[in-house]
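All chains are identified by letter, namely A, B, C, D, E and F, in their written order; residue positions are counted from 1 within each chain.
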Amino acid sequence: MNKIITFGEVLMRISPLGNKKFIQANNVEFYFGGTEVNVGISIANFGGDVKHISCISNDFIGDTAISYLNKFDLDTSAIVRSGRPLGVYFLEVGAVMRPSKISYNRSHSSFSEILPEMVNWEKSLEQGKWFHWTGITPALCKGAKETLKEGLILAKEKGMIISADPTYRSALWKYGEEAKDVLTDLLQYSTIFIGGVNEINEVLGTSFGYSNDEFTEASKLLIEKFPNIEKVFDKIRTSINSSWHKIRARMWNGVEFKETQDLDITHVVDRIGTGDAFAAGLIHGLQKFDDYKAMEFGAAACAIKHTYLGDVNYANESDVISILEGNTSGRLNR
Amino acid sequence: MNKIITFGEVLMRISPLGNKKFIQANNVEFYFGGTEVNVGISIANFGGDVKHISCISNDFIGDTAISYLNKFDLDTSAIVRSGRPLGVYFLEVGAVMRPSKISYNRSHSSFSEILPEMVNWEKSLEQGKWFHWTGITPALCKGAKETLKEGLILAKEKGMIISADPTYRSALWKYGEEAKDVLTDLLQYSTIFIGGVNEINEVLGTSFGYSNDEFTEASKLLIEKFPNIEKVFDKIRTSINSSWHKIRARMWNGVEFKETQDLDITHVVDRIGTGDAFAAGLIHGLQKFDDYKAMEFGAAACAIKHTYLGDVNYANESDVISILEGNTSGRLNR
Amino acid sequence: MNKIITFGEVLMRISPLGNKKFIQANNVEFYFGGTEVNVGISIANFGGDVKHISCISNDFIGDTAISYLNKFDLDTSAIVRSGRPLGVYFLEVGAVMRPSKISYNRSHSSFSEILPEMVNWEKSLEQGKWFHWTGITPALCKGAKETLKEGLILAKEKGMIISADPTYRSALWKYGEEAKDVLTDLLQYSTIFIGGVNEINEVLGTSFGYSNDEFTEASKLLIEKFPNIEKVFDKIRTSINSSWHKIRARMWNGVEFKETQDLDITHVVDRIGTGDAFAAGLIHGLQKFDDYKAMEFGAAACAIKHTYLGDVNYANESDVISILEGNTSGRLNR
Amino acid sequence: MNKIITFGEVLMRISPLGNKKFIQANNVEFYFGGTEVNVGISIANFGGDVKHISCISNDFIGDTAISYLNKFDLDTSAIVRSGRPLGVYFLEVGAVMRPSKISYNRSHSSFSEILPEMVNWEKSLEQGKWFHWTGITPALCKGAKETLKEGLILAKEKGMIISADPTYRSALWKYGEEAKDVLTDLLQYSTIFIGGVNEINEVLGTSFGYSNDEFTEASKLLIEKFPNIEKVFDKIRTSINSSWHKIRARMWNGVEFKETQDLDITHVVDRIGTGDAFAAGLIHGLQKFDDYKAMEFGAAACAIKHTYLGDVNYANESDVISILEGNTSGRLNR
Amino acid sequence: MNKIITFGEVLMRISPLGNKKFIQANNVEFYFGGTEVNVGISIANFGGDVKHISCISNDFIGDTAISYLNKFDLDTSAIVRSGRPLGVYFLEVGAVMRPSKISYNRSHSSFSEILPEMVNWEKSLEQGKWFHWTGITPALCKGAKETLKEGLILAKEKGMIISADPTYRSALWKYGEEAKDVLTDLLQYSTIFIGGVNEINEVLGTSFGYSNDEFTEASKLLIEKFPNIEKVFDKIRTSINSSWHKIRARMWNGVEFKETQDLDITHVVDRIGTGDAFAAGLIHGLQKFDDYKAMEFGAAACAIKHTYLGDVNYANESDVISILEGNTSGRLNR
Amino acid sequence: MNKIITFGEVLMRISPLGNKKFIQANNVEFYFGGTEVNVGISIANFGGDVKHISCISNDFIGDTAISYLNKFDLDTSAIVRSGRPLGVYFLEVGAVMRPSKISYNRSHSSFSEILPEMVNWEKSLEQGKWFHWTGITPALCKGAKETLKEGLILAKEKGMIISADPTYRSALWKYGEEAKDVLTDLLQYSTIFIGGVNEINEVLGTSFGYSNDEFTEASKLLIEKFPNIEKVFDKIRTSINSSWHKIRARMWNGVEFKETQDLDITHVVDRIGTGDAFAAGLIHGLQKFDDYKAMEFGAAACAIKHTYLGDVNYANESDVISILEGNTSGRLNR
């Protein structure tokens, strides 16, 4: 009863080295990522026992993706294979006032073929303790949404903890259903809400502001409407520019509001997947610590992710604990 | 009246360096290619004035593709842009007895959106002398086939020379029409046939063998059925293994059969696009030389393409002429 | 009547990756640049129709240089070829308190052969709207100065706008004429002066200080001496160290003094060509906006150039406008 | 009952790219290998269920090594960790008449700490079907030899098939025992002998020659002395030079002598681990095919390994079968 | 009488590019370093005549190491060769709050074989002016300590200046002697002490704090106990995080306390060897300047080392002098 | 009396990796070379004590060049520095029937400034045993020729052995003197002639053919005309194509004609500097072996150079001896 389950698309990321644009490079690097698998890998790196469920192309690119997940010791036995190609995204990394840019090639990807009958949820959730989902999956296509919903229903039945990161991305949601309706439906099965006022406003149709007080009000209202939701955790990014961010987190856990100090990321290496690192740190933390320390663990996990290239967080548990203990001066570790 | 027109999909090729597989790399290189644009770029490198017509994604990848074509001084003014992503193919380069492997991501690419009304053929064929098409384009989707057909009709009206390389690839042709029917239709507008007995058999439904005599018989029959076709040129590859090929060419030009000597490619650098280099060399050669020398020029262009990385042939006219003059010993050129 | 004309040497830049020195590397990268062609490419990236005139080596390095310009869709048809090699500069990129170092190999380069009779100015300035020159060109050799002067005379006759960036570099000017005399002569044909008190002092033999008031006085005196000059634009760099700069701009447009806010470049990627990006942004801006917004556009163009590797500015118009609109926090652009 | 067990040192290989020497490079690549784990990974790539047992350093290099094994889906749960560093070998890859050179740093590596009490053989051999060992392991140190011997005794008890590749390398064997004595002891537990006349001569103290007849005589004598050994398989390499090899295999299976055709490897990419690929192919083949076809499978696996960079064989079962079916001309695989 | 003698282990450093971890890379770079040789190379770059004494592996890695020292024109004629492998360390470079990590493979390295009889000190110290040693060497093994001690005795006899950098690293000192005892013994021969309160406390068994006053008290006590020591120099690092440091230095030269301004290193490129750069700058400076300027030279040398990749300081004397003259704004050096 | 003296230009070579052209790359590698310094470095690698004399640019590129020579332990103390840039050559490496191409930038290089008064020949030839020169140096400029001549006169006076490799390259010799006259003059001082019938014909104005008989006749006539010349050695290359060469050598040593077997270089890695490797091997061999074995050593040195990237031969004496002993099958060297 200790398996963490993640479900979602695995994407290949292709980007030039450093701050180059595609137009000035012909050497590029590739990584694999995807919001849910990023969470899964990060939890595995913290020592969790993670199973990721997905639909991946049946070619050498798909083989490479699965091998990438195996590398982090994820359980990939429930992944199904598809004749369509793996989703790809191209990334140009910005700097200072230049934003990073992403171009997607995912709308007809292998994951877009997924259907409820392709996943044996009963078997997949064996030994399951925690199920994490995000708003990206139901935004992709109907099949993804319905497959997710079946999983959530069973996970709830089995008494698993269900965390939701309902990230709203308007460029998705093209298959004819409304984000608000779908997220409202899926949030019924969830116990931990990872998101801020934007996401609450999207789901409730409200217009709360960003202050701590309004966040608290919004969280209370969310819990009122979704009594299954117990706690709300929000990560806040302050961007000085593309290369310099600050991260803190705040929470309403049904009882009290708390927030962490800012962590100052003066030299961002790679910001992709940092929100996923927060979610992963939080999920891992909530299994070991109290709510506040879990949130601090999540914020520190998020912060340190900014120092790793690629979509996934390579930090292990002691790397993050060390930051919580105040070791942020980067003393050489011999 | 000296423009060479090519029309077809531009693909991004992504492959690890050397003989690595994706599973053992995270550094990869990208190039752009596509059978018709390969022909166009090669002709431009021989000094031709080439316009390529295509439909390319409206993002930074598409910008990079167009910039790649500009680099070779192709006229890209008639290219239209699409909201869909550029087609991609992934390549693992083999060696010796290990074959190279390709995995495509093109079925919903930007080019798949093309429709006849998106191309202003009248304007595009201004100053047009030669139109080259291949069997890949009509194999992709109905829109591509119909756009091509409109172009061919106008090109014929304008008295342009039309060369056809009806490469048959069974993995394509998924949109509901038969290759044989479509090719038969499109070959009506063509004057130069670049292909061998396989392609003739596919079009005529015959079963000629590979001997020179059968090739001549097949060519005669083809010309009988398609009186607009004047000449047939065939490139023959003998593969010792992935790293060692031999190339020769033969022709039936309505009057006589001729064939070239084998060119021995003892150390293949990159075989992608070598057939396109043959077509390009032939098209360029037919504008300057007699049929036999044009074929020799095509065969030498094909051979030297095996020494360039990427899909396109970087050889200029004098590089190829030098091979025709017997300079194949690779003497250092100071 | 919309061609922007730039004239000047194209150099090959060779530098190790990152902050390495040549002594510790054997992998290097090359780019092409040169102050005027940098301006030209940047304007082309903003959507301008640019023709660059130069003299480039007649070998595979020269072919590569021209192909580099074609990539950005510059009109390269007026470039002449020379038997001498292309100019080269070697760059070691510094960091923090370590300055970058440049070593030139340009004194006998292909451009040093240029003579007035090699450029057909009448044809080159067809459809010409704007002519941009810098003080580097007349500093190189007599032939370059005289070729430039012929171009300026004709450009003035044709009523073109002429912008001058009279950058003074004392290490050049070896061929026997005085910078002051030559620049004084060439400034007669110019309408826009891109430079600060250093350049004005060099031309007028004055010793104005750096304050805004002295800048204004200097500008007024310049315009008094050169009544053809209408406006003076000055870009100001504050360097905390090699890795952290601030940029602002100021102007005297004959009517009023204005200056922009500082743009803070906390993590410099590449500072080469940033002055050229200012000139390009200004020239582009003056064709679309009022003087102040044009200067702001130039300053933002300069700032964002610091985030691109190589000599040229890859930003397009909307990238720069976005900064003017205050989007400097580097929000991810999906 | 389908687990394949391999036991041995995992080494980090560090080598410059291509044919460079360390003295002329500062970019190098690393891989992991080791004769037994190479066999294990290759079998896993053929679809086998492989568990590798080893002792690996307890640092980030060791983490990377284990992650490398996980990537190929090996069972790494029985690997123990050591405070000593992982063994390393440095490789300079030769060409033509220049031999490759290896320099080892392994004598005080993490594996050198292994002792019988560190491996729980009972648990490790659960579900075990096949145990493969080589002469490298007992050559390293007494602890390795004794740990291996305990494993072999239990494997024999459990009725597992035991294959031995008694590679004799005189530079090892420094800890005070004689190769001949130790190998004689360990061969008692083995059923499949993978080696040629050199190895037989070393074990028996004989001096058979290389002819097929002498190989057969030697094999018969070996089986007479070690009645547990049932079959002898020998891979023969003919080296034209460092870049061009030929591979064939022969066997005496107690009943008949057979040999395969030569496979011609005209362009060697990487010869490290090719003997291990033969052993892996043979072990995999003996579980599915008759002896001759198993040997052919092994020889083809060995041959194709020469086309992959690194120590391990990336070929899957169908890649090898395709060679057995005569597809050695390297036809492009779309 | 102008030779600077350094004695100590030469290590090979292997690290992934940028901020990558080994687990996410297979491209790595190597450098050579070691605290004493870093000092030697840096002094050679300042123009000093340096001889480095060491014991280096007798293989192609050792050849590469010696060639690396030759590159900087060090006298390598006294280096002896060993059958053991060269020591290696693996480095993962951190960023912001992520510390860099080092894993060593040195305990049985070539240098660990060194014995007094292997070094001909009489010949090695010919023309010797200065001998520099550090606390790393006697911490490695008894042979290293005794070899060093013989050298120090002879150096003192010959009246050489002897500088000691008694860096205490608790992970070393495994061979059975106490750091305090050994360092106390070796400090008897030394005249310049390069270290702070940590090192003084370790040697004297005291517990001084970090204030300037306590540093002065500690230094006075040290000189009282070791009357041969004349001056104490201390470099102080303030780490904002892994990517942003500040450096200053302070001294008690027997007469007065002085300290330098902080040098702000806003973008650390590589912090390895920066302490060695301080020692080298100080040693070089004490031969040319007064104590305070020598210390300033050392601090500036330390600061600029943070901008060079690798273990050694590439700055020459004028690069450092330029910083002392206040040129820290990184103005481009054409 | 054991110094080998070489005198000539040091060039920087810049070339893309593998078989790429500049137009398709922006990553390039640099090396240093030059025909005489290649000979010097190769002899140093065989164990010789070599001093190279040259004139090198006084910038960081020149520093890098000198550091490159130091790396091989050449004596660089007699090198003078110049304000002009170091000569550069750009190389595109061909394959199969594609020849490699070189473009030079050397005509106004630092070496072109050399004058007799800049070299202190008396001091430079101290301990001199052998002086090697080539026909490239006197072809570059008058100063180079005269400096060389002064050196030769003194070398002859001192009784040194003088070897001449009068390589004739028609693209040089632009300064107004005839190759034939100059070479005739300089050959008076030489004792060993390294060249074939082409060079003899150039010097004598004859037209001997390539047969062994004609080579012998030509050599006899050469020695008749230049009685100081004692022996003639000729290396013969048979190029199947750019990637596959064969090398043999022949000699007339005043007494007998002899020739070696062909060495088959089936996979050429880099052919630049292979003639220099022959000269170096011969010069080294003539000091240790009889004429025939010296020639064999030279031919084997030449052959193995084809397997090293860059201009210089990395083989040491035992690497070459091993080939002479017949070890050309590339057996792995552990």
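General remarks:
Everything below uses one rule, namely that contacts are C-beta pairs under 8 Å (C-beta built on N, C-alpha and C of every residue); 3 or more make two chains touch, one makes a residue touch a chain.
The chain lineup, named per UniProt: A, B, C, D, E, F = Sugar kinase.
Owing to the predicted nature of the structure, the values given are computational and were not obtained by experimental measurement.
When the contact pairs of B-F are matched by residue number across A-B, A-D or D-F, over half of them reappear in D-F.
Centroid distances from chain A (Sugar kinase), each centroid being the mean of CA atoms, peak for F.
In this assembly, the chain whose C-alpha centre lies farthest from chain C (Sugar kinase) is D. One simple way to say how far apart two chains are is to compare their mean CA positions; for chain C (Sugar kinase) and chain E (Sugar kinase) this gives 45 Å.
A separation of 42 Å divides the Cα centre of chain E (Sugar kinase) from that of chain F (Sugar kinase).
For this pair, chain B (Sugar kinase) with chain E (Sugar kinase), the centres built from the Cα atoms lie 62 Å apart.
Looking at chain F (Sugar kinase), residues 18, 21, 23-24, 26-27, 67, 71, 101, 104, 267 sit in touch with two or more other chains. By the touch rule above, chain A (Sugar kinase) contacts chain C (Sugar kinase) in their complex via residues 18-21, 23-24, 94-102, 104, 169, 171, 239-244, 267, 271.
Of all residues in chain D (Sugar kinase), those touching chain A (Sugar kinase) in their complex are 67-68, 70-73. Touching chain A (Sugar kinase) in their complex are the following residues of chain B (Sugar kinase): 14, 21-23, 26-31, 57, 59-61, 63-64, 67, 84-86, 88, 90, 92, 101, 103-105, 107-108. Contact residues of chain B (Sugar kinase) toward chain F (Sugar kinase) in the complex are 18, 71, 263-267, 269, 300, 303-304, 306-310, 314-315, 319, 322-323, 327-334.
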